[in-house]
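Same chain, two partners: subunit A is paired with subunit B first, then with subunit C.
Coming up: the complex of A and B.
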């Protein structure tokens, strides 16, 4: 098919606009965190400073928040994977009665407004589980509800793409059903699992709407700390900590991408096939 | 080779229904230890289902599966003395050839590591895949993958090796070569082989005994020769080798006729005469059982194949020695065969 040059140009402009639209806020924040000015006035940096970054790292609520968020995200990710993977497996491989209904139950939290979900957990903790309020476990448990739909969907898609005969072959070769799952099925879905894990971690690390209901203002996760600080003070310290989060997320996304590409090598099939 | 197992298999009254579809309707079958037994039948007749029931990957609704004298009807797949070669191969894509083959030795921890390694090497040599030990399945050809799949099952030294259409994905030349190899591996290991196929020439070449299946039942089980010479049903007669089948024998003044040819008296729903049993005679010859118009003749090297049409329009194939006929397309000749060459099915003769 021949493409007209005008159409090509239009395509290019469109892609450029979308890219700018996506990246502009990130660039502004990155610039603000390394420019000496208190308020960013131009896109051309008037110098370079690490002052804001070191201020951010010295600010107590942020330091507590980073650790808190990391703990919550790690715990929520582990629980979501441990619950979501068997759920996805049961939906994909066994003929459970009412599988369709179960599937929609797992997806339901997606359509629940997070603020409402947050308030529900708040009500639950305050009335029945006061000890969970403000703890890593309490926040992580609430996050699991948000993460499960993604884990079930991603792992389910991975399972749908893997050959069930492989598992039968493993059992035929003497593996118990559990061994077959760990030695054969799990390696087939390690990429969906990795992606689900990374996605869960980043989502949980970044969560504000729900978390804000679940912790007292003095010890909070990092995004909540950012939100609270921004209400009092708009200096570039907030930009600096946001920049750190942006860079960390990009690095993680990049590493995940590399891992997926490497793993893709043995999936794409015959790369050096020799004929019989 | 030593230490390979071999057990008989006894299947009695096995049935299997999926939803409302009766896929296996009361199968009974005896498979001798150390024999090469083929399950032959058209697509969808339940061959794979029966094989999976033997492997323990599927459970029959009723019936008993006895392997080596022990009732294994309720034994889980991973505890059965059988191994299955899947139609697709089902090689583990994340493992090398050697690790694929070693998989079944690692699952039962009774095999010491050193012995496992030498057994993997031995079996890869048997299937001539030794030099591919470190490759991933994705980088192998179809024939090589099938060899690895067979090696992976054989290395466990099962009492019974179950093979589901192991050659059907290969091109014809490779199929012919692998048939001889399969036969050789069976003889060298002495293991009982049960092989599913829908290819009758493959079954006839490989098997000591063939069970012909149709629509979820075993129509007949026996040696290729038994099936060819004494088919027990119309289905077997038409499925094994070529056959001319004639319908509806009706009594007439002289003998009985079907499809415009005269047959010896007797009752039958259908009759079969092999192409090589048919002779061509002049149309007015007294031995002629009826006239046939020659449609085509073709020379195959070993024989001349003549296709004819009887007065009622039925096509008849005759396979004659080269030089046995000079008939040309368009000629009318007499069709003749011995009484003994006629096989009858349906109503008792």
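Coming up: the complex of A and C.
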């Protein structure tokens, strides 16, 4: 279809504006973290310093937070993959009674407001399991609720796009069910698993709304530490640690994208976010 | 719900013990959901801060909370922000999705998709902080945005930024399901660009548009960190009051507010489900 030059120009301007809008708050954080000034007053950098970054890494709550967040994210990702992958497999490849209902049960957590989930896990821990409050395990267990829908949807889409006949063939040739799964099916869905794992890790690492209910203010995950510090004041060390998060997230996203692209699965199957 | 091509459907599914693999995940979700319903209700019908599982039922907290005008003004702010943010976000996301979908160069489309979706991977706290830096007095724009930061416009701006990718995604999905022949057929039959859009493309993408609205609305009314940081205490939404009451050790009141937020979410979801069914009936 041909398009008029005026429409093309309009389209270009629109996309440019959206790009600026989307990137502006990220760029300004990056700028604030390398500009020597205490307060960023201009979008043109006036010099360069790494002092804020080293100060941020020396700041106890951020240091503790980085480790805490990484542990929570790793544990939550592992649990979500271990619970979600078998579930997605059962839903895609076997006849599960009530499969339609189960599919909506697995996406239901997406509709649950995170603060409500936060309150409920808080109540669950103080009522039944006081020792879980503020621990890596307790926070990770709650995060699984947010990650499970994505894992089931992404792995499910991967399974839907792979060929079940191959696994059946392996079975016919004498492979045990586990051998057939690990040697034949798993390699077929390695990219959806990678995407689900990376997405889960970053989602858990970045989580605030639910996490903030589950930990005392003195020992928190990194985003909660940033949130609590921002409630008091703004200073360049917050920008610095935020920059580290932005750069790390984008690098991980870019690497994952390239890996997926190399594997020739640029368009993985569509995933629907809502149950009907 | 099922995609157009799902090979799993064509192959005979075996009834086998592997179906039991669904159980661990289901057990986890049942624990979580039972905790949600039982504990929320149990905590909301008590008066004192106590962590016992079953306290005597007392509706005082409910009646005090529902009679409090502050609660209703918070609910009003929450819903107003939800409405404004979801409308603005979808108005940006809809043309954006079309522009991305119809980009000629593959690399440009991939780059644009990366720009649109990568912010999902950056913590909401960091993105809200970025808006604080941009809008604050004495910042890069001087005092241009004085009346934005710590007021509703600032909160709305940051929330639109946070929710934009969630609106683009369902719209893009629905655009991708439209076969190219449909528009070509309409063009062959003499429909103008505007007619093609109004009569063919818009109805076909209406379900995506509705999911986008629904998703952004529900995410916005439950947003916590962004309104807390950009609202600066002047703009208070329901999610913040739940957190504040936990801090103040008013657990029963926090539970009441959590129930209200959950009920609002469920009402919104069922309204959208009803509208989608109504429109879906016309299209299919």
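Observations on the model:
As a working rule, the second predicted complex is superposed on the first by the 264 of 276 C-alpha atoms of A that agree within 3 Å, B and C clash if a C-alpha of one lies under 4 Å from a C-alpha of the other, contacts with A are read in each partner's own complex, and residues count from 1 in each chain.
By our rule, contacts are C-beta pairs under 8 Å (C-beta built on N, C-alpha and C of every residue); 3 or more make two chains touch, one makes a residue touch a chain.
For clarity, every value in this text was computed on a predicted model and none was experimentally measured.
Look at A:174: by the touch rule set out above, it reaches subunit B but stays clear of subunit C. Among subunit B and subunit C, the chain that touches a larger number of residues in subunit A is C.
Contact with subunit C, but none with subunit B, is seen for A:108 once the two complexes are overlaid on the shared chain. When the two structures are aligned on the shared chain, A:184 is found in touch with subunit B, with no touch to subunit C.
In the superposition on chain A, contact is made by A:165 with both subunit B and subunit C.
Once the two complexes are overlaid on the shared chain, A:124 sits against subunit C while remaining clear of subunit B. Residues 163, 165, 177, 266, 269-270, 272-276 of subunit A are contacted both by subunit B in one complex and by subunit C in the other. By the touch criterion given at the top, residues 1, 3, 6-8, 11, 13-16, 18-22, 24-26, 28-29, 32-33, 35-36, 39-40, 42-43, 51-53, 92, 95-96, 99, 110, 112, 114-116, 118-119, 121-134, 136, 138-140, 158, 161, 164, 169-170, 173, 176, 183, 187, 211, 214-215, 218, 221-225, 228-229, 239, 242-243, 246, 251, 254-255, 258, 261-262, 265-266, 269, 273, 276 of subunit C touch subunit A in their complex. Listed in rising order, the residues of subunit A touching subunit B in the complex are 163, 165-166, 168-177, 179-180, 183-184, 187-188, 266-276.
Within the complex, the subunit A residues that touch subunit C are 1, 11, 14-15, 18-19, 21-29, 32, 39-43, 82-84, 86-87, 89-97, 100, 102-103, 105-106, 108-109, 111-117, 119-124, 126-128, 130, 144-145, 148, 152, 159-165, 177, 199, 202, 205-209, 212-213, 223, 226-227, 230-231, 234, 238-239, 242, 245-246, 249-250, 252-254, 257, 266, 269-270, 272-276. Across the complex, subunit A is touched by residues 55-57, 76-78, 82-84, 86, 88, 90-94, 103-104, 107-108, 136, 138-144, 152-153, 156, 174 of subunit B.
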